[in-house]
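Take a look at this one; I'll ask things after.
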Amino acid sequence: MQSVDVFRIPMRGPGDVTGLAELLARGTVRADEIVAILGKTEGTGLVNDFTREYAVETVSALLADAMHASRTDISRRIAIVMSGGTEGVLSPHMTVFARRWTSKAAPEGKRLAVGIGSTRELQPHEVGRMAQIQATAEAVRAAIADAGIDNPADVHFVQVKCPLLRVADIESARSLGEKPVTLETRESMAWSRGASALGVAIALGELPDEAVRERDVLAARTMYSSVASCSAGNEQKHVSVIVFGMSAASASDYGISHRAMRDLIDADAVRGALADLGVPEADAPKRVINVLAKCEADPTGHVRGVRHTMLSDADLDATRHARAAAGAVIASVVGVTTLYVSGGAEHQGPPGGGPVAVIAKLG
Amino acid sequence: MQSVDVFRIPMRGPGDVTGLAELLARGTVRADEIVAILGKTEGTGLVNDFTREYAVETVSALLADAMHASRTDISRRIAIVMSGGTEGVLSPHMTVFARRWTSKAAPEGKRLAVGIGSTRELQPHEVGRMAQIQATAEAVRAAIADAGIDNPADVHFVQVKCPLLRVADIESARSLGEKPVTLETRESMAWSRGASALGVAIALGELPDEAVRERDVLAARTMYSSVASCSAGNEQKHVSVIVFGMSAASASDYGISHRAMRDLIDADAVRGALADLGVPEADAPKRVINVLAKCEADPTGHVRGVRHTMLSDADLDATRHARAAAGAVIASVVGVTTLYVSGGAEHQGPPGGGPVAVIAKLG
Amino acid sequence: MQSVDVFRIPMRGPGDVTGLAELLARGTVRADEIVAILGKTEGTGLVNDFTREYAVETVSALLADAMHASRTDISRRIAIVMSGGTEGVLSPHMTVFARRWTSKAAPEGKRLAVGIGSTRELQPHEVGRMAQIQATAEAVRAAIADAGIDNPADVHFVQVKCPLLRVADIESARSLGEKPVTLETRESMAWSRGASALGVAIALGELPDEAVRERDVLAARTMYSSVASCSAGNEQKHVSVIVFGMSAASASDYGISHRAMRDLIDADAVRGALADLGVPEADAPKRVINVLAKCEADPTGHVRGVRHTMLSDADLDATRHARAAAGAVIASVVGVTTLYVSGGAEHQGPPGGGPVAVIAKLG
Amino acid sequence: MQSVDVFRIPMRGPGDVTGLAELLARGTVRADEIVAILGKTEGTGLVNDFTREYAVETVSALLADAMHASRTDISRRIAIVMSGGTEGVLSPHMTVFARRWTSKAAPEGKRLAVGIGSTRELQPHEVGRMAQIQATAEAVRAAIADAGIDNPADVHFVQVKCPLLRVADIESARSLGEKPVTLETRESMAWSRGASALGVAIALGELPDEAVRERDVLAARTMYSSVASCSAGNEQKHVSVIVFGMSAASASDYGISHRAMRDLIDADAVRGALADLGVPEADAPKRVINVLAKCEADPTGHVRGVRHTMLSDADLDATRHARAAAGAVIASVVGVTTLYVSGGAEHQGPPGGGPVAVIAKLG
């Protein structure tokens, strides 16, 4: 029977892999068991945040050494997603998901399962467009199968890492006579996240295939996936996907549940997800291994009917405001600050809110 | 019998006084009843944040017109404190406190009372030093008397606005042969807040007079006032003080209570303060008129034992991180985002935490 | 005969009008002689930079007092343009242009002349569109006539202050069923500046009327005015215009000349403009009263064929980079740092460059 | 006879070593000939700028592979200095200095020579103190000898990379009962740069050994080295030193000269350095391979007697302002934007200015 183990490792900097190296050295986890790594690095999370790329490079180099494999092999076999931005109380860390065979007796009920998928490399002009939507949907379906999940309703979080358009990409597209979806690198992150999220929604049946049109990206904000979490980074050209869910075929000690935060201060959603797993709030600091969340500044400029200033703050990107706020609210409920809270939730959960998934040790 | 009324007015920008002008025009409040105004403006809250000064100027001009008084009169009679920084969900607003005589029968128990005080103008070299500590303590004592509070234990929040050192102030001190406490404008804000807070602690008997020495400022972090909230701004030379507390001599509809947040995610402290006033959490969005809070990034670099990155973020000041986090946590409990949450809590509440006072309509 | 006098006044902060107040008190200039004021304030120059609005308010209040006029009168009679951002060596200041009648004999040749114009208030959905282009062109023509300039070739600088779209403006447009040109406040500044600049180009005959289409705004970057300088601010709804040029009908002691900087480091353009006025470089620190310039980060991502990082810097807006660079280069030539250097040069001078106009005392 | 060759390689990102890899692959340069690499990366140059560390790691990994050496060997043999911050027109790049034996006839006059040195690892409490000053002086003397320079007057630039204090370092020092020179990571960069610069001044005889006391660091601003350039980074514990000068024992095609910029807009200093090498300004774009410069915001708050706002800008560190300004001024003279311009010039050149050294092909 398959089992998924989860390790949360603090990072002292974006290039710090000593924690992972120790786990490998001690044999606590074998490199070839690792299926996905989700990390938060202490950059800005914006276009020129190279802490993500740096962390991916360093982790990849370590794993390539450990597995005597090439970097290309590593990127094909293991989904490594580093999300920038640990504003407020958030703490830099990586979470390692390992799959292994176990002789344990099948536990009661469903348990945490993880699967991965990937698209081909996208051309710059495909970013934020239908090509990205469809390729992402395919990759999600493959990841669900990989996880051994048979019911889309058992999928609780889909992490997507997608490309952004650097100045060079935009110039290259234009030199080929193609029109990129935007000429601003910063905006390209939103386009890429939005298209990916719509791809997830299609794959999970949250939106019917034919309902999604290219022009809906960043426009039809009521169309969304309630479990998609998409990050854009300058270190890759393809879209990579990690599916987290519950499966009867898993013997993991962990479970996952999710709710939609309706706004940045929706602590009740976090409490609801805890309750779904049967974890009392007082036990959360010990039993919660991570919370995976996506959040955004409400695009209407209001939270609960009152004006916020996140969208007009030119000194500080709205995604940084949103992570600081949602991260603190989630931490105030679960008592843990090493959380995977990521910003920019276009088509990811309701506008101004976002999906929140709790992973905790089951009783 | 004296009564204190409280008006929370949203601001569309730091120069927006239309809400206050309407209240005056309608006669809802008379200018000469106003004793204090606390506002949050959408600046950075740092040295070169002129939104505070702009808001103070605009409000003062309106009140001077309304009272046919000079600006100097206004600044002597009304304590106007604008604190910069509405990160995350926080919303720019001002809260107007008015004192008036009422023929109402004395209500049961104590009610909200407000008093103000002020020091002389401080010289640049006095900022952050014993002169500021002592002058502030005197001003706080005067404000307590002004509020009609007879027991220091009934003081729940002391708002202090104190000067910072601009480059010109530092140069001027040096040209007079005086040594300012720091040569960095940004740091001078911390020195000034710290000295003010120790003055509050002395006035309230939280620390014995003789226990506080000049060298304790910013050094002896375990010495603090649990109700002090100090903001430094470049628009004034004196220290002005507003005392908020409970008095049997008040017939206000409102009450105030406080707790100390032990860290930025201490939602329980907010719940405790609500409970002290007998306000159920579900009623908070309607009954809470404001929450006054001070917060800071934990100076040890850790929250609940886990590393945070607020102190090493050179792009984004730690006070901005802290306001975003604490503001969201408090809002998640009370369901209100027009909150007075201010950053930089040197000697204001326990290290890494800060005082939180809830003002709400009593039952 | 008409004469234009020019006063450069340092500002100690965005609300500092003591210098102007002294000039008025001494009678050096009369308020009703003032036709335009151009200032640089120490904000970020971005959407939420309220130092511009604050400075405009404070200057307007002073002038309204001095002229016993209403604020509305002041804004109709005097063009007050405050541009945010004094990066690098740039120094906050205002330059006051006064027109008066003189009995001086007509000097040889043409001299500095100034005229102003204004459009009606624009609706949010008109910003960045043909309505703004056409209204601006009309206002420029009126300002040229007002200046007493008969040849468009004698116009050396056209300063435009135009509205931006705040979150509230965007929401208001949408609630009326109108589609604003962009949903991002920050971007709206570029759209508004671009449309204004094309309006200037039409008025001066740099582009034929019929050549400019709405879709050219921010798209056809080779279409530009070589003398337009447009700033967007959140303190106004109409477009106001100041024309600077040379006129035989002026007896001013000052002259103006301009060149186009082809990139941010084009010191030769500044030297050329100095030479056009017959001012030797060594005399510039004494004779140059101001340099008016517009600049931008090269939209191709390259300066002289080599990559720059201004467009991908998410921490620091490209306009701030550009002002710091161009300001320092101009200051290195003229030896003066109280310069009017403004960022964001869409359709204002060649791409990556911008107009630079020198105002200096004539020999 | 020894020769020094210089290669300037553009970088597409902080992890881009493709240019260097190509040089090695083609055999243009051999890894074991490389003595020093100076780079500029597109970070903020502040405490949490990890682009420096990332670039050092990536370059080191490439060279370790090429030389079949360990990382430790690489860091001992090759001085790799990455300085963060390419504000304004500056362009990310690395400059590779290679030493090789040549059979060329001895050229006339002195030519470019390069040498390196290093201190032991410093303890956190030694940073910014006498221990750092003395250790650095020793390392500089060793580097001069290594370069084959016999007269200190022939030293034209000394690049120092020194540690900063991270939050963890400060805590670790305190836990050992040691008092670090500052409790603020950001400030520790200034302390470390200042102590290093005084060490350089002693080694070159610019200041007599006994004249420098620990309390002079950051205090006695008139004590400085006119050729020191110090960068603080979070990726190392020791101080590493590269000396650039002229030697009769070198057959390099390149020469180096230096001047002191007296302020950020001192273009004449750059012209002077060009002239010292006999390079006409018109030839500079072709012949100048790099300019090495250090700069700072004038600590008095004024440039040429006029106020600047760099020191009170809480959004944007003064070092970023200074690099943008000085970088643009230097580029405007030499017509090259791939320049090594670094910020924070405590005790490095006159206050408000800094050393500027031109490396160019000799005639």
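In order of appearance the chains are A, B, C and D, and numbering begins at 1 in each one.
Everything that follows uses one rule, which is that a residue touches a chain if its C-beta (ideal position, glycine included) is under 8 Å from a C-beta of that chain, and two chains touch if they have at least 3 such contacts.
Just so we're on the same page, UniProt names per chain: A, B, C, D = Cyanuric acid amidohydrolase.
These numbers come from a predicted model, not from an experiment.
Visitor: Quick check: more C-beta contact pairs in B-C or B-D?
Guide: Answer to which pair has more contacts is B-D.
Visitor: Starting from the Cα centroid of chain D, hunt down the chain whose centroid lies farthest away.
Guide: So the chain farthest away from chain D turns out to be B.
Visitor: With centres defined as the mean C-alpha position, give me the chain B-chain C separation in Å.
Guide: Inter-chain centre distance comes to 40 Å.
Visitor: Can you check how far apart chain B and chain D are, centre to centre, with Cα atoms defining each centre and the answer in Å?
Guide: The computed centroid separation for chain B versus chain D comes out at 46 Å.
Visitor: Could you pull out the residues of chain D that touch at least 2 other chains?
Guide: Correct list: 12, 42, 44, 48, 168, 307, 309, 312-313, 315.
Visitor: Using the touch definition up top, name the residues of chain C that touch chain D in the complex.
Guide: Touching chain D from chain C are residues 10, 12, 42, 44, 86-92, 263-267, 285, 303-304, 306-310, 312-313, 315-316, 320-322, 324-329, 331-333, 335-338.
Visitor: In the complex of these two chains, what residues of chain A are touching chain D?
Guide: For chain A paired with chain D, touching residues are 12-15, 42-43, 48, 50-51, 53-54, 57-58, 61, 168, 234, 315.
Visitor: Report the residues of chain B in contact with chain D in the complex, numbered from low to high.
Guide: Counting only chain B, the residues touching chain D are 44, 46-49, 166-168, 171, 184-187, 300-301, 307, 309, 311-315, 317.
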